[in-house]
Amino acid sequence: MASRLVARGIEAGYGAVRVLHGVSIEVNEGETVALLGTNGNGKSTLLKSLMGLVRPAAGEIVLETDGRSTSLVGLGPEEIVGLGVALVPEGRRLFPRLTVEENLLLGAYRREARAHIEDTLAFCLEAFPVLRERRRQLAGSMSGGEQQMLALARALMTRPRMLLIDEPSVGLAPILVSRVIAKIRELKETRHLTVLMAEQNFHQATRIADRGYVIVHGEIAFEGRSTRELTEHELVKKYYLGV
Amino acid sequence: MAVLLDVRGVSKRFGGFQALSRVSLQVEEGERFGLIGPNGSGKTTLINCISGALRNDEGEIWFAGRPITRLPAYQRTRLGIARSFQIPRPFTSMTVLENLCIPAEHAGHARARGADVVPEARAILERIGLADKADARAGGLTQIDLRKLELARAMAARPRLLISDESMAGLSSAEVDEILTILRLLSAQGIAIIMIEHIMRAVMRFSQRIAVLDAGERIAEGGPDEILRNAAVERAYLGE
Amino acid sequence: MFSVDLLLDALVAGILLGGFYAAVSLGITLAFGLLDVVNIAHPAFVILGSYATYVVNSRFGLDPIVAGVAFMPAFFLLGVAVYRVYHTCFERRGDESLRGLVFFFGIIFIIEVALLLQYGVDYRSVHAAYVGETVQVGPIGIALRLGIPCAVALALTLGLHLFLGRTFYGRAVRAVAQDALALRLMGANPVRIKDLAFGLAIATASLAGALLIMIGPVEPSIGREYIGRVFAIAVLGGMGSIGGTLVAALILGVLESLTSTFYGPSWALAVSFGILLLVLALRPAGLFGR
Amino acid sequence: MSGRRLLAMAGGVTVLAVALTRLVDNQYYYFAGYVILQYVVLATAWNILGGYAGYVNFGSAGFFALGAYTAAVLIKAVGAPLPVLVIAAGVVSGLLGLSIGALTLRLRGVFFAIATLALAVVLQTLIVNWEYVGGSRGLYTIRPARVLFFGNYVEFLFVVMVVLAVAALTIAWRIEHSWVGRGLAAIRDNEEAAECMGVPTLRLKLLAATVSGALMGVAGAPFPYYITYMEPASTFNLDYAVNSLAMPMIGGTTTWVGPLVGAVLLGSAQQIATVTISSALNLLIVGMLLVVFVIVAPDGLVGLVRRRRSRG
């Protein structure tokens, strides 16, 4: 059940704008890796490249699962989801006019996920009691924190081995951010996930990360091989606040 | 200095999501004002409310001593609020020059004197460094030129307040400096500027005063140094 | 002129008519309400369905409802083909608003004139043993000419409702216009989902066409009368809600029936347009929230 | 082109048309020419809202017929002279354009399109139910016995249509080259950006809807005299709705030239085809041409020529 994701020399962007300049990262089985940096530095673009939503202009992305290596460059998100990678996108992107339950069920769209749908749904409702309460409510009418929980749960419904999470803290009050982060740690442990999380909230992200990268202007500015290396590095504040 | 823009307790909801809660801020005539905050903190919603693209649910907005809360966007532009868009929205079927003629004509200063607009538009293009592209189709510009066009077009409306919405995102650092130079130039002409930007280096260098939004609330305001030392700001960015 | 019997008859006829209107509008609810594809040619496809039914009914004596159902797969494929052209030429280029509309307008025209060339302007109708009979339910007489189409329409509506609410593909259809990218992240291909939905929308036109020609004779340009109706129903029904479509269709059916009973049938058409304008002007909250 | 030169050209064309009536004797040419010119007016009118601002009107037949019936009523009631008919038809159809616009132009463009689509059907229903204008049976209008200067009435109507077409083109030209036209183009390119650049988007759209509707009505004003027997089915004919949109789309929608080119080409072809092949078949061809052009040459013939020229 080992899965590992390696990206090397990724160059990517939108139209004429090049956002990533030769980014290399790796995520090993069972790790929680944080991708740190303020907005506009390329965190989302990197996750989108990994997920097949943005096609890199150069570089390679390889997913190793059960001893098999698959190159992800050129695959669409539909296929990458099929390989056991899921993305909780920036801005959550729920289906606002479907109910909570319908959102969850859609998560299990692909065949392998559908086979286990009862189990996974039961797990999600167990793990997120608030979703159980609001099963029949429209997703769009929930508060930001609840929506983020639903987005996480919906991604779990695809039965991923590797979970990519883009900015789970966006638009949430501090207390909720902390709850969402704690929930991610809990899920990671109960579901034996490998997690790559893009987050600008440094302290929250380092609470649960095993290690991390700081990305500045589309380049990896610093690689912390442990949480300690990250938190003790004085450059981090400089990167963040532009001091 | 007189207050030019006065935002008083503005709130905005989208469904279950409170995008802005009672945000207040003031921008003075000719000021260089930075607006920062983590992603999703409500910056774009706030400027949409100021420029009139969205109607705020609560609160009032005053500009140059009169309430504008209920005015449609085009009238706000005519009063002197111009903006650039984060994702450039050029008039693609027109040339660069024609793009500038639209606000020059319609923002109320030169209506019906079609001929007078062109020299003015050319002068703006000259200043912004797009003069050689005046007759190129706006649809085919490069990213940096599109950003410049956004600013040039906003200038052609002869604003008293220019809102620059992430004009530098995705640009190289040399290009960032280019845009900064342009904004300084405009500021030197006495135009108040609100700069919304993620590139801290640029905001800190440019702004006289900075307001910080987080989760739809204004959590801090002050000079760049104050903001850097502000614990709440550090928390907003680094978390707690 | 006014009498309780007349009122009752008008109400019953209106409800039956309304049920049928729901069948005609389902395709619009799917395409316009859920997919954001403004298929103004839908009524023309309904007429095409009527003629298909007419041909096999007059030639082989096939029951019109059976014919309508039998043609559904062919119409489904036709719908997929039309959507593919629309998607490649307009939707993907982001050019759907102006030229996409004109494209469908051209299709109306091609279908209408092609039918005109083939079958002329004469009214055509179908034959079945039960058409023309009336069943007495208590004090109310139900003409089977209206009763059967209504029943079939209700079955179709219910079927579609269940499909959209209870199945994976149905949920995906409802999700696809809300956020196609998010759907890709669930492992679904949005273009395939839209193929399916648009195919279904056109497939409903086949059956609706069979019902239409059962209710009364049909000529090629009659589809135009339905344009105002179906959009009034889709918009009034809340854009994309099957239940809402049914309720709106019943309201419109009853209003038209009352109008035609008390003011004359030639005024009935004005009702749908009046309602359409009213809804557009008043814009009940939530209707245009997106 | 300055305003004065434009006026001179307009005058020139009119004089030329009058001169033509001295030379050509075959009545068929006037009948055919009238129809083509009528399409020039309709296509130009459609293009003011559809081409310049990007809002599609499917109800041209309704606006045209409303103009025609306004004229018919005024002829029957007070025997009003032609200039009065033209003005009245323009005012009535213009008001219709304004009110449909006011109800729907705040919404997405498709709602305007749908409303116009339904409008024609409903107007036809109203006319069918109006006994004064003969309901579905229709009504006869008797042409005045003689007109000053012209040999016969059809020649006169032809010249009237020349004047109306020239007027419509002049109005389109003026709009295109004014702040209104540039504002409409900005709306077509990006409505939100236009609004933020000070363009009063709603007002300009309403103005365009009014002018467009009015010109369609004007095109219908001489119709009762031209056709002499007028009934709803032919007055609300789908031809008008399809052609007034297909002609600009095929000619090119961004300038005043496109509708003119489209109307002259397509209109002439149809006049020839109606004589040689069936009229239904030639409409089918228009429909197919429309679909093909929309897919293959979205900028129409004018766009094709322009692209070729810039390449060559």
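Which chain is which? They are A, B, C and D, in the order written, and residues in each are numbered from 1.
Here is the rule we go by: a contact is a pair of C-beta atoms (placed from the backbone, for glycine too) under 8 Å apart; a residue touches a chain by one contact, two chains touch by 3 or more.
Keep in mind that what you see is a predicted model, and the values were worked out from it rather than measured.
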Can you name the chain that lies farthest from chain A, using the mean of each chain's Cα atoms as its centre? D
C-D versus A-C: which has more C-beta pairs touching? C-D
Looking at mean CA positions, which chain is nearest the middle of everything shown? C
Interchain centroid distance [CA atoms averaged], chain B/chain D, Å: 43
Determine the centre-to-centre distance between chain B and chain C, using the mean Cα coordinates as centres, and give it in whole Å. 48
Counting in whole Å, what is the centre-to-centre distance of chain C and chain D, each centre being its mean C-alpha position? 32
Find every residue in chain A that makes contact with two or more other chains and list them. 96
What's the contact topology between the chains, one of line, ring, star, complete, other? ring
Go through the chains and record each pair that touches. A-B, A-C, B-D, C-D
Chain C - residues contacting chain D, complex: 38, 40, 85, 89, 95, 97-99, 101-103, 105-107, 109-110, 112-114, 116-117, 221, 224-225, 227-228, 231-232, 235, 264, 266-267, 269-270, 272-274, 276-277, 280-281, 283, 288
If you look only at chain A, which of its residues touch chain C in the complex? 51, 53, 76-78, 81-82, 86-87, 89, 93-98, 102, 105-110, 113-114, 154-155, 157-158
Touching residues of chain B toward chain D in the complex: what are they? 51-53, 72-75, 77-78, 82-83, 85, 89-94, 98, 101-103, 105-108, 111-112, 114, 153, 156-157
Chain A-facing residues of chain B, complex: 15-19, 38-42, 142-143, 166, 169-171, 173, 198-201, 203-204, 215-216, 228, 233-235, 237-240
The chain C residues in contact with chain A across the complex are 168, 171-172, 174-175, 178-179, 181-189, 240, 290
